[in-house]
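What follows is a single structure, and I will ask about it in a moment.
Labels for the chains are A, B, C, D and E, by order of writing; each one numbers its residues from 1.
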Amino acid sequence: MTDVTASVDPPFRLSMLIYDRRYRSLTFQVIVFILVMAAAWWLVNNTIRNLAVLGKDFNFGFLFQRAGYDIPQTAIPYTSDDTHLRATFVGLLNTIIISVLGCVAATFLGVAVGVARLSKNWLFARLMTVYVEAFRNVPLLLWILILYAVFTEVMPPPNAYRGDDPAASMIFFDNVALTNRYTAIPGLGMTNDPGVLDLGARITISWATIAFVVVLVGGWFIRRAILKHAQAVQDRTGLRPKTWWKNLAVMVLPSLLLIFWFGLHLEPPSLQGFNFTGGVNVQNSFVALWLALTLYTGAFIAEIVRAGILAVSHGQSEAAFALGLRPRRTMSLVILPQALRVIIPPLISQYLNLTKNSSLAIAVGYMDLRGTLGGTTLNQTGRELEAIVLMMGIYLVLSLLISAGMNIFNARVKLKER
Amino acid sequence: MSEPITREIDRSQMQISDEVAIEIHKMNKWYGTFHVLRDIDLTVHRGERIVIAGPSGSGKSTLIRCINRLEEHQAGRIVVDGVELTSDIKNIDKVRSEVGMVFQHFNLFPHLTVLENCTLAPIWVRKIPRKQAEATAMRYLEKVKIPDQALKYPGQLSGGQQQRVAIARSLCMQPRIMLFDEPTSALDPEMIKEVLDTMIELAEEGMTMLCVTHEMGFAQAVANRVIFMDQGQIVEQNNPHDFFHNPRSERTKLFLSQILGH
Amino acid sequence: MSEPITREIDRSQMQISDEVAIEIHKMNKWYGTFHVLRDIDLTVHRGERIVIAGPSGSGKSTLIRCINRLEEHQAGRIVVDGVELTSDIKNIDKVRSEVGMVFQHFNLFPHLTVLENCTLAPIWVRKIPRKQAEATAMRYLEKVKIPDQALKYPGQLSGGQQQRVAIARSLCMQPRIMLFDEPTSALDPEMIKEVLDTMIELAEEGMTMLCVTHEMGFAQAVANRVIFMDQGQIVEQNNPHDFFHNPRSERTKLFLSQILGH
Amino acid sequence: MSETHAQTVAFVRDTMLPPAPPPIAEAGVVKWLRENLFSGPVNTVLTLLALAIVWFMLRHFGDWFSHSVWNADSLSQCRQIIAETWGEGQRGACFAVIRERWNQYMFGFYPPALYWRPTMGFGLLFVALAPVLFSESQKIRRTVLIVTTVLTLWMMLRLNAPGAWMIFAAVVFLGGLLISERNVSWLLIFSVLYPFLGVWFLWGGSLWSPIMALAGPLLGLLAWRLVARFIPLLAPVAGAVVTFGWWLLYSARAARDAENLLSFAIPFVRSDQFGGFLLSITIGLAGIAMSLPLGIILALARRSDMFLVKSLAVMFIEFIRGVPLITLLFVASLLLNYFLPPGTNFDIILRVIIMVTIFAAAYMAEVIRGGLAALPRGQYEAADSLGLDYWKAQRLIILPQALKISIPGIVSTFIGMFKDTTLVTFVGLYDPLKSMSDAVRASVSWKGIYWEPYIFVGVIFFIICFGMSRYSMYLERRLARDHR
Amino acid sequence: DTLDDVKARGELNCGVNTGLVGFSAPDANGNWTGFDVAICKAVAAAVLGDATKVKFVPTTGQTRFTALSSGEVDLLARNSTWSFSRDTDLRLDFVGVNYYDGQGFMVRKDLGVTSAKELEGATICIQTGTTTELNLADYFKSNNMDYQPVSIDSNAEGEQQYMAGACDAYTTDASGLAATRAAFADPENHIILPEIISKEPLGPAVRHGDNNWGDVVRWTLYALIAAEEYGVTSKNIEELTKSSQNPEVQRLLGVTDNLGAMIGLDAEWAKRAILAGGNYGEIFAANIGEQTPIGLARGLNAQWTQGGLMYAMPFR
């Protein structure tokens, strides 16, 4: 390296804090830091003083007290004797359940509608436009309330199914009853029950469930191997072996076997006393919320999908056609891989929105995290500061997890440019 | 804009057979009620190199795209390599795998490498083993002088290089006819030459070519015939020399004065 | 590519004073660990017109941007018009209002009209009344021969016109030194001449100019000195005649053969 | 070249063919139907499906809508009218509830005698917006202004506005119209004053409060100017400190003193009397007006190269975007008092507005950041090389372009925020959707009415949001046409 | 100190139910009326001299206590039960009881249920964040019965769910049930089951440690009750001020002794409180008594002299 003479910097003067680029930003940051710290100190100090005035403390001990209230729909066993912590966990699980189911359904709906809006069929495309605009321009809360009202006001009460000449009848071969409280669906019974795996804290998983998960995951890996093999054969001979029936077999056969093995069957619900029993009663609050979230988010996803497909220029499909690729292959080999890059990031932020919007469960009394920790627990214990801080923290973690996933994805599919 | 064509083409080597490659008969096309192509009659023999010129909007692109069935014609016949273009999917597939097309804006697939761009159609349409497809692709990439870029993505190449990849991609399907739609008009001047050189080389090898272009140097150097279109009709057909030096129609004269004058 | 320069410049009129406009002394710059500029020593006198040439990536743009403090140098000194460039904001501001810069991609402000582009800095930086700023701007727009486009938006102009607006915009700040970074390389050939003509006119008026360009015709016509850079170093400095006809360094020879040969 | 080939023989067309009409299958209804509805089996199925959906909708809701009643005092009366008009057992919509509770849906519990005040405030809003939203087209501006003038004055008349205020409104409207014809940028002064005026019209009280509040920014500007003379860098900080300091410490006291000296007050209306669309629109507009500047600052901070500033901005934005709005509203209603000095208690609507603003600003910041990132680097460099400093470059060069690019995103953030104003129901405010409809249903006469209020509120929201999104599309198109 | 705050503000912030006919509900013009509302008005009259200087803050079962402890309301008069944990852990101070209540169940007549014991497996609507929610869980647990709770946020929602048949039974304070039923179009088709499963002493609450203010509210409440005991009504109060010979009445009405000064008010504070809506009995009769659609009998809420539990501490 050549020898370097440092430029003769003038000695430090105070005015350089402001006029020198290097120090200026430092000065500014120090000022900002001091201001922020002062503000934070002010807030914390106020809080401490306010708590003192009220004679309260900041203490999460309440989480270990008896909750005392019941929750309509829980994913893990829960009674009023459990702690607030468990109630919180039940709520969190409910939040996660509705979010995941909502995201899955909204994705399917959104993709279908997004593609349909591009359809050449004038009427259908118009209809989809109406759907999308209607849902995008009206508050989600309204849709939640309306759908909930549809269920409570339009569906018959369970006792309408009673008697020799009932006013309502079950659908799907007497397997499903739509009522104004819940949708009663068949439960799963096993003649050959393999028992349960106890995870402690009264959380159990049926071995049957585990078996199914193992079989499905295993099937998925085998399917990947089959596809890989098909690819290899194609690379070698140019002809791609048909894989769909193998895939189907791998994915479906083992499950069928398991079903026979465990003697899995449906146990249809029946009306007993006031309500249906024997099956699973899915609360209307859940169904309405799920439907509303799905329809609302689906409308946004449809727009994203449409924009994503439109973002792939027309020339791409023309080039593919000109090369002799069929429309279906063009879609899978040329359009979709490109569209996905455009679609996925906003799609994930829709997932984020959906998760956050699920907190509107309060409007229909679905007990999610906000309903348990941020609702009843908060109120019964009077620990609003702790409960809200904890609740926000949990939502924040959920969101950060989702966006972390998004960043990883983005980094992977970035188009290489000059 | 027209760069001088550096290499003078050796026309003696190029054979035009009597075999008919494309036959278009009284073909008409409308966009809605707008009559874009009117009574087009054109016969292209194997090995011919035809340049199509004409003012903007005269239907040049549409004509060329009809030959590839990227657009549908509504009346008349188009027979490519003995196959008539109807709505029959099999015919369309056959024609498309015989006819290569190069677009103005290259239309490379940005998510695939150059090599993958070139092997995609051979593998999925012609069902050629990957190894073999890659070997072919490399051969054509060498031909267009960018074998070293094979593993890059299109976005990493210059315009001229991209257009050459596009040509290589079409060639990989080993077409018997090549269509070019203004292949150089989106390129910077210094890149035009690279692409024209590649096209001239193709011409020398006897490829049947239809080329929409405003590169008059190119037309004079390689074309057997120049077709002049206006308002959806073929107004004049001639050999390049006569076309440029002795145009007969008024419209052609006007057009040439605009193109060459500037 | 190089269009012939039409107007031969009258060098006798151009005076080079003894006054130093820019002095660069043992200047070094790194991007991270990459040493872009190495021990640059350069003295530019008032009224000099210097052309900087060199292969791509040799650091020409970086050098010129350092003079305007768009990039920071890490060692050595740069003194522009008697003001040393340090991190001191006041110095930077002073230098920037003395030094005009024209970019390869014009960088006009698309949301402002041509006139607004030209008056923006005078009004907000020099605090000149709008009326007066507009009058000055019109004068310079006339100089670059597009007074009639004053109320259009940049997007409505051709590339050559845009570059001339960019030059006028710089001139409106009445700089004593002008820096050009490949001002013609993004232009279509027919527009290059317009811009070069404008630059030649500026040169005739005795503006101190540093110009990165590959237009060798221009260099021969107006430069007092040609500087050849490679790998971040000044490899050769010479008057244009000797530079082109009698290059001393091997690298210069190689470079010239590439530039002029093609 | 072999001249033997027939095809090389020159061909010249002497007469040009005239355009011919397309074959039947290529034009008219037949073609349209064929291409758009029945072009293939899949398409045909889709068409039938769509028709089925439309038919289903009509069958199930058609009669309900067509049997609507607009004039009744209670649900039972309405049902009776339906039974009488269309026969026993017929269903029908009782939109009479909207008619009867119209005022409540619009104004909440705002004192009826003062309805003219929000009305006038809303009308004047358009004068304030004219130079911002309709700045480019004289014609649109004129139409908008004339229509609002006439409508507002007419409604004020109907709402029994006092004569003095009628004259005031008329003067402002006509003045606005005049200025807008002459030199619309002068109206910007009114736009700046409007927020203070608007607040005063809505809440009432002493005129001195808005005046003293307005004094805050003015003093801030003064401080900025003064400090800028010596230490330009600190000037914005000084300005902000003075402004907020004034607001927090002196504004209220000064207003009180001034009021004692020279009283000028109109009746005060408490926040809890706000409700319905008045509440939604108040929160929405305030949120829109404040979230944009805040979002810009956040976006600039996030793109700053100062590590601390940047990380603070990132933390703030990600935190706000990571939690549901509803939890922020809870913070506003339940926790804010913990964070403020003991004994402070400030208006719940203001608190909600602040939270909604912060929430929207975080989203806005991301939208604007996208716009900033889309600007080529050359724009920054050109500004630098002309000697513009950071703030001038941002204000004159960067932001105007970045904001233009971001218009669609900005507007959809606005729409989202406006829709989210319905969530204030969870902190006990009377939003038009849930609280107001619950209140309506709580009354004996309208107990049991569900669909009509929801549909009504939904339609209003739809009109506003859809209008906003269409306007943004129009704006986008127009801006794209310009400068090209 | 809340008393000073209220005086300085010139307005009382009073937390009330979002809507429970008879206890607190806004009419179409946003005017609040009801049994709880009357307490707020009486306190406002006592402290500020004007019964209309009240800002009513509607609160749900979930938000009420936070509203109080965060200082958003000065006083919570929202049919809230005085319970141990609320009084201690939640840092509230219940100043007295204005209605002795108990939790009951309401069902449709055609359901054929006559006792809460028959509700095995039923779906029950329950407001979250209430004592009734906890009682319900305990009751069914101790009776070894199952039920399906439907969580609702406000009485309005409970009403909607119940009327739509989405729950078989609606449970809350018996007074709330009566009020809810009274608002139905067909009250006769609904019955309130005989079981009362808990004690629900409802009363106004203030923040813990806010003793002066607590005294003001407590003694305002007692003033209303005592007024009924001594036959002081809003009608005869002026007259009694002049003529009454009963020393306790004289003290109450500020004729002799200045009790008001002891709690930071003027002498006539109680008089104004009584004038605001009448004495306890008048308030009861006007809002929820047997002459109203709600039709609650005095029962436990009769004066102690009448065999009830209403017992004002002596004014001395």
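The rule we apply is simple: contacts are C-beta pairs under 8 Å (C-beta built on N, C-alpha and C of every residue); 3 or more make two chains touch, one makes a residue touch a chain.
It should be emphasised that the depicted structure is a prediction, and the values quoted were computed from it without experimental measurement.
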Is the structure still one piece when chain D is ignored, or which groups does it split into? one piece
Taking the mean of all protein CA atoms as the centre, name the chain whose own CA mean is closest to it. D
Quick check: which two chains are joined by the most contacting C-beta pairs? A-D
Among all chains, whose Cα centre is located farthest from the one for chain E? B
Among all other chains, pick the one whose mean CA position is farthest from the mean CA position of chain A. C
Using the average of all C-alpha atoms in each chain as its centre, how far is it in Å between chain C and chain D? 48
For chain D and chain E, what's the span in angstrom between their mean Cα positions? 42
Centroid of chain B to centroid of chain E, CA atoms only: how many Å? 89
In whole angstrom, what separates the CA-based centres of chain A and chain E? 43
What positions in chain E touch 2 or more of the other chains? 63, 66, 70, 157, 160
Which parts of chain D, given as residue numbers and ranges, touch two or more other chains? 334-335, 337-338, 450
Chain E contact footprint on chain A (complex, rising order): 53-56, 68-72, 79-81, 152-153, 157, 159, 180-181, 272-275, 277, 281, 283-285, 362-363, 365, 367, 371, 375-376, 378-382, 384
So in the complex, the part of chain E that touches chain A is made up of which residues? 61-63, 65-66, 69-70, 85-86, 89-92, 111, 119-123, 128-129, 133-134, 136-138, 141, 147-153, 157, 160-161, 164-168, 207-209
Listed in rising order, chain A residues that touch chain C in their complex are 1-2, 4-10, 16, 19-24
Using the touch definition up top, name the residues of chain B that touch chain D in the complex. 11, 16, 28, 30, 32-35, 38-39, 43-45, 48, 74-75, 224-225, 230-239, 242, 248-249
Residue positions on chain D within touch of chain E in the complex are 76, 101, 104, 108-109, 112, 270, 272-273, 275, 333-338, 343, 345, 348, 427-428, 438-439, 441-444, 447-448, 450
